[in-house]
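After this come two complexes, each holding subunit A, first together with subunit B and then together with subunit C.
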Partner chain A sequence: MEGPVPFPQRGEEIVWIYEKKLQYPVKVSTCNPTLAKYLVEQYGGADGELAAALRYLNQRYTIPDKVIGLLTDIGTEEFAHLEMIATMIYKLTKDAKPQALKEAGLGEHYVQHDSALFYNNAAGVPFSATYFQAKGDPIADLYEDIAAEEKARATYQWIIDMSDDTDLNDSLRYLREREIVHSQRFREAVEILKDERDRQKIF
Partner chain B sequence: MANTMPIEYYQQLEEIQAIDFVIDELVLYLDTHPTDQNAIQQYNHFALYSKQIKQKFEESFGPLQKGSVNHQQDYWAWSGPWPWQV
Partner chain C sequence: MDQQRERFTPIKSYVPFRGLFDPCPPIGEKYYSTPPNLYLGFQPPNLEQFTPQEALRKGTLWKVFYDYYDNPYKRGGDSSHG
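Take a look at the complex of A and B:
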């Protein structure tokens, strides 16, 4: 018999483990396919959560060691946000009849996917890897990450402006705040790398 | 499936979400401030507490993750609703 599994040390978590919960509760007041159509921008759009997760996790392999942990943790959190967005879209559309989807501008989506979720943006354009970059230059990559967080924050604001669902807006405000925290952490990472670079010049 | 779970499910889950949010925040902070001993202490405290309340939740409502003990002896399942079903 093995003893109890020790609590994983930081840096040892080499696989992704699904945890069967949302990072923050998602409540939806009413069936609202129009709002779902807007929200899908954060699902499969250029500045959405999928693009964010893939961008950060992919940059890790060539970034200095000091910021790999941050990219891993933020990239992983983006997948938790992706599940929150998926939950919102699912709940907003699950009781919608085809006619209601059509009136919300989701007739084309229904014809292609029924009520299945799909990675496309609010205008129905399928997700693309061209939404993000990997330049191999740590500062360039981190500046892109900061910009991505700010664009996602702005998108959350625009969606909140379009939404009158108070329950949903609570979760959207939470996600908007996370973009701000991530942006600030990435800015700190830039400073850490600049400090390191400057130190290397001193002999 | 919506809203069919007992009130304890929501209460315990919300506490887990709150504690894990503290951990998420501390981890991102520590990623850029790795020598802050006060934050490390807080992290360790909440990491341990999170494990305890998750164990309690799992005894009643099924596993939260792979690797958790399966409390039903005769049947393995991701028992209980999925996050988008509640």
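Take a look at the complex of A and C:
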């Protein structure tokens, strides 16, 4: 099996692997910097992709072995989503003049950051580690993860409701669908951890 | 897929309480999502799949988890109450 990009084989001396490609294409068809103001909620907001990635990749150390892999897979995928959100925000603001940013409600952002991206929420509140927890109790942590996925799904819905950009909404729908699948997998992780099949089955 | 659709609706609505002196015109129906992951439990084996190409576009391999979303207030509601 040979893909278009030769992937490193086991034993090859590789320092770091990163595929420089978005998980799903991002196309923005309208110049609407106001959407960037809304999208930043998923960038540096409490239920955003950064909070999600950091939450799962931190909890993974102290969760039963059976579900570590799940947290690793989902946690790293959240960074892929973060890249997509960053791309959207960048595209929506890169050619906006100060006046246009001001009209989009991003005047304060411009004063602090020019059009640089920054980890804050849609209301301008900077990102905080208090947005997520690591209780150390597997059930408590997974229930938080399920809630986080449902909240992120809801945030995508509210942004889609506010957006008339069909191409952007296509990417947002993809991200919303991923939240649904992640929630499903966390729910299954709870089922795995509370499972009592070991006691009933004789092998 | 159709069987799954019959088993649940992915969007629900309700009409919020109206007070006598509410300042704004009523929103009418208020919508909320109830996506498939709420209903399935642990995923059973041998469910229907999208083709790999379709799956990459839709965000899931499994047809049962696919839930297209659009602004329900734009459509003006073909959802079920409850």
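The criterion applied here is as follows: the second predicted complex is superposed on the first by the 178 of 203 C-alpha atoms of A that agree within 3 Å, B and C clash if a C-alpha of one lies under 4 Å from a C-alpha of the other, contacts with A are read in each partner's own complex, and residues count from 1 in each chain.
Convention: a residue touches a chain if its C-beta (ideal position, glycine included) is under 8 Å from a C-beta of that chain, and two chains touch if they have at least 3 such contacts.
This structure is a prediction, so every number in the text was calculated from the model and none was measured.
Participant: Of the two partners subunit B and subunit C, which one touches more residues belonging to subunit A?
Facilitator: Looking at subunit B versus subunit C, the one contacting more residues of subunit A is B.
Participant: Applying the touch criterion given at the start, work out whether A:177 contacts subunit B, subunit C, both or neither, answering first, second, both or neither.
Facilitator: In the superposition, A:177 contacts subunit C only.
Participant: For A:86, using the defined touch cut-off, is the partner it touches subunit B, subunit C, both, or neither? Pick first, second, both or neither.
Facilitator: Only subunit B; A:86 stays clear of subunit C.
Participant: Between subunit B (first) and subunit C (second), which, if any, makes contact with A:24: first, second, both or neither?
Facilitator: A:24 contacts both subunit B and subunit C.
Participant: By the touch definition at the top of the document, which applies to A:73: first (subunit B), second (subunit C), both, or neither?
Facilitator: first
Participant: Just to be sure I read the superposition right, which of the two partners does A:188 touch: subunit B = first, subunit C = second, or both, or neither?
Facilitator: It touches subunit B and subunit C both.
Participant: Answer with first, second, both or neither: which of subunit B and subunit C does A:157 touch in the superposed model?
Facilitator: It touches subunit C, and subunit B stays clear.
Participant: Take the contacts of subunit A with subunit B and those with subunit C, and give the residues found in both.
Facilitator: Correct list for subunit A: 24, 181, 188.
Participant: Contact residues on subunit A for subunit B in the complex?
Facilitator: Going by the criterion above, the answer is residues 5, 7, 10, 17-26, 67, 69-70, 73-74, 77, 83, 86-87, 90-91, 181-182, 185, 188-189, 192.
Participant: In their shared complex, at which residues does subunit C touch subunit A?
Facilitator: Residue positions touching the partner: 33, 35-37, 40-43, 56-60, 65-74.
Participant: Across the complex, what residues on subunit A touch subunit C?
Facilitator: 24, 153-154, 156-157, 160-161, 173-178, 180-181, 183-184, 187-188, 191
Participant: Where on subunit B does subunit A make contact in their complex?
Facilitator: Listed in rising order, the residues of subunit B that touch subunit A are 13-14, 16-17, 20-21, 24-25, 27-29, 31-32, 47-48, 51, 62-67, 78, 80, 82-84.
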